[in-house]
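Labels run A, B and C following the written order; every chain starts at residue 1.
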Amino acid sequence: MSARERILSKLRAKMPSTVAEQPDVAGWFATHRVVESAADKASRFRACIELAHAEVHAVTPANWLTTLREILRAKGLDQILVSEETTHGSAVLDEFPAQGIACQVYDMAIEAWKTEMFNATPASLTAARAAIAETGTLILWPDAAEPRLMSLVPPVHFVLLDAGKIYNTFFEAMQAEGWANGLPTNSLLISGPSKTADIQQTLAYGAHGPKELVVLMLTEDEQ
Amino acid sequence: MTRTTTPPSRPRDVYFFATCVVDQFFPGAGMDAITLLERQGIRVHFPEEQTCCGQPAYTSGFPDEARKVAAHQLTLFPNDWPVVVPSGSCAGMMKHHYPTLFAADPVRKAQADALSARIYELTDFLVNVLNFQPEDKGGDCTVVLHTSCSARREMGVHLTGRQLLGSLGKVTVAQQDHESECCGFGGTFSVKQPEISGAMVEDKVKALKATGAERVVSADCGCLMNILGHAAWKDEQEGRTTPSLPGEHIASFLLRRTSK
Amino acid sequence: MSEHILEFKPAEGFRARSKAVVDNPFLRQSFRGAMDFLMSKRAAQFPDSEELESLRTLGESIRQYNLAKLPTLLVQLEENLSRNGIQVHWAETPDEANAIILGICHAQHAKLMVKGKSMVSEEIELNHAAEAAGIGALESDMGEYIVQLAGEKPSHIIMPAIHKTKEEIARLFADKVEGVDYTDNVDALIQIGRNVLRQKFLEADIGLSGVNFAVAETGTLCLVENEGNGRMCTTAPPVHIAITGIEKIVEKLEHIPPLLSLLTRSATGQNISTYFNMISSPRKAGEKDGPSEVHLVLLDNGRSQAYADEQLRKTLQCIRCGACMNHCPVYTRIGGHAYGTTYPGPIGKIISPHMLGLEATSTMATASSLCGACGEVCPVKIPIPELLMRLREEAFTAPHADPAMVGQGAGYSWLMTSVWKGWAAVYRSPSLYGLATWLGSRFSWLMPSKQGAWTSVRVPLKPAPKRLRDMLKERGE
């Protein structure tokens, strides 16, 4: 008998005969979490993620590129990794090189440029799929256009978030988007820059992932 | 655990289960608890055949032996009166563990369930059943209260002792550091792991003394045996002839404060 | 049952190791400070006790629901992972798990494995097995990295290097990391670790990780972390191997949010960890990064023994938050290493006997005052004190047929059993009790001044000259 069969037969022999009742997760969230207005969710999201040491900037479709460029300048960065397959990435590619900010693109498999990614990629820009107000969390589903390492290896990670896509809770997000029907290769919740308190409970940022997380919160122009 | 019994209306009679520790080591505390109850107009009945709740064997991994001793106590309280216990620990055993202990014996399980519903820890009984409002007749005094882990976590009665002391006008209740932490007694734990238990009681006594309170009071004599035993040992070690941390059962303290 | 032979029995020398810590005021102070910090962080996350209690109840019901269906869910998980392209392996013992992992490494001609934090990999002593096979196994969680550099083991399941001061770590780095001068600036120390490990993530052939939750319905492995090393290990190297105990499974994705919330709030007092990483497949065609192979090793190692008993099964509800150790007055006094087991503290006392047998661990269950602090904070309501009492019973009862666990009766002693039998004979009989206590009160002067361990830090116990029953008689009751 294989280990699999041995383990399963031991468990099956002692499996309770009565069928346990499915826990009422939806009921708990319905009674313990308020559904907030869009404005409240946005401000709660912002407050939470800022508390976790992320930087948040409110931007509009008209000014987000300028804001991004100014932040890069202020941080002394003159290079950013973007995707050429996304509209926001293309927008950066169209404008930044002429303004003295070099753009790297993730246009081939990592094996071809792993060393450069690890040693010579100071910043990146990706979009967030959505966000969670309760915990100040960004939801990212990395894909072929914006692969997994883009949000991990560069020391400064910029994230473009549509402020209209903020859920109250993680539970609400997965229910609304039907995650149980299928998940991508990798789905991520990110709630701040990388950190550790492993040395004498002292908090330090930039343990292995980004040292800085900058959120560009995109709302439609007021006018 | 939270209290599961609704307080009855004020009874005329109660049983008193003294616990073996009070019977043998702190009889004064037992007398004082009985006197306190009697002053409230309650007739207190002490079944002579009572011995021990069985907890020492139960927590040491000898449930069969605990069951034998517990089975004897089950028979001692025939009338439907509350059973008042001057210890959160022993009350917890009778209230919460007797039903488990006799789970396999339907007759005794029924007795255990019925008894469980009538078990009261003393301070809980004074506050929630008798609505006891002690009238303070003593002078200014600062005390510190130690609550046993069973009273706190098993019986959920950690507030009643504080409430009683709080209603004594001239008594200040000091707040010790790490108040909710165990004193390190734990029955046979104190002798099976003396190094760890010793470190725990050392820290507990330091925290109690650091409040500057003149005495420690507790509703559990097991903890007192441990805490006062260590404080006295420390006094001996350091050549003190008067106790640096005197202490007593809360019943004795309450009785004295409310007597002329 | 497990055939893994441990070189050393944790129960042996436990008292000596505890004493060494207890007698060290510096360590005592440092553990106390660390635990106070973690306790206050957790308390700040749960200001509403009603919410906390209802969430704990939900967490408990989720874990119990999933354990009740465990074999079915394991098969469902395997099917869905396989469909997603993740290869599933089963190991009954640590040796089997190591063989599976090393087999995958050899197939890759691997030289270097970078590891994310995984207590299960500690449980199987993977680092030793890998090094014996000529494969470098490098810990990448900062705390684990520090502990490995010092040649030690984690002393806490969440904060592996909690027993070390920054000065000790500064000295360690200066001694062991090439080209590093002494600095006790925490940011600088973390940057040193970051720089060393970045190169290793780049070079590694294999990334190894644990699993916090495995979701059966979607075939997903979930990892909770703050540093990003877990994401590195599961994304940068060409092969990712995850290892988990068979109990870490949930049927539905919707079971995750309550458990995640309980886990991070209870563990480190964070409303959520920096990263929650959900992996459902290896790199797909067209994707530009991620491992091309993902493996999951499902380890039993005694868990099926705990599963077989309705009461002991509750041990498997654990989500490994470590709150029980943070709130334990015993752990606070002695730290994690004194236990000698992979999992220290209250959870270690109840899970280790299933992994190592009661013979190696029988006295561990006695190292508790049963104060109940662990059970009170457990986010999934494991009745730890009750389980400790059960383990005491299993250890001290004479060996019998069809025992619930390996090593049942290992702590049995004829003398101790006779003492308790004698005790019960006296205390169940009012007349014997009356006689014994009467003698005790009349002859209390005969009580010895040395009463074994009791009088090591306490004055001797002396019965009062009159018992309560005597006083009541005199009063004319």
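Just so it is clear, contacts are C-beta pairs under 8 Å (C-beta built on N, C-alpha and C of every residue); 3 or more make two chains touch, one makes a residue touch a chain.
The structure presented is a predicted model; accordingly, all values stated were derived computationally and were not measured.
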{"item": "Interface ranked first by C-beta contact pairs", "value": "A-C"}
{"item": "Chain whose averaged C-alpha position falls nearest the assembly-wide average", "value": "C"}
{"item": "Chain centre separation (subunit A, subunit B; CA means) in Å", "value": "54"}
{"item": "Centroid spacing, where centroids are CA-atom means, of subunit A and subunit C in whole angstrom", "value": "30"}
{"item": "Contact footprint of subunit A on subunit C as seen in their complex", "value": "34, 37-38, 51, 54-55, 58, 61-62, 64-65, 68-72, 74-75, 90-92, 96, 140-143, 146, 159-162, 164-166, 169, 186-187, 189-191, 193-194, 197-199, 201-202, 217-218, 220, 226-229, 231-232, 235-236, 238, 246, 252-258, 260-261, 268, 271-284, 286-290, 298, 300, 304, 307-310"}
{"item": "Of all residues in subunit C, those that touch subunit B in their complex", "value": "15, 18-19, 22, 28, 329-330, 333-334, 363, 365-373, 375-376, 389, 391-397, 417, 420-421, 423-424, 427-430, 433, 437, 440-441, 452-459, 461-464, 466-472, 475, 477"}
{"item": "Of all residues in subunit B, those that touch subunit C in their complex", "value": "18, 20, 22-28, 30-31, 34, 46, 48-52, 54, 56-66, 68-69, 71-72, 149-150, 152-154, 180-182, 184-202, 225-226, 229-230, 232-233, 236"}
{"item": "For the subunit A and subunit C complex, residues of the former touching the latter", "value": "2-4, 6-8, 10-16, 18-26, 28-29, 32, 48, 52, 106, 108-111, 114-115, 118-119, 134-137, 143-144, 147-149, 152-153, 169-171, 174-175, 179-180, 182-202, 204, 206-210"}
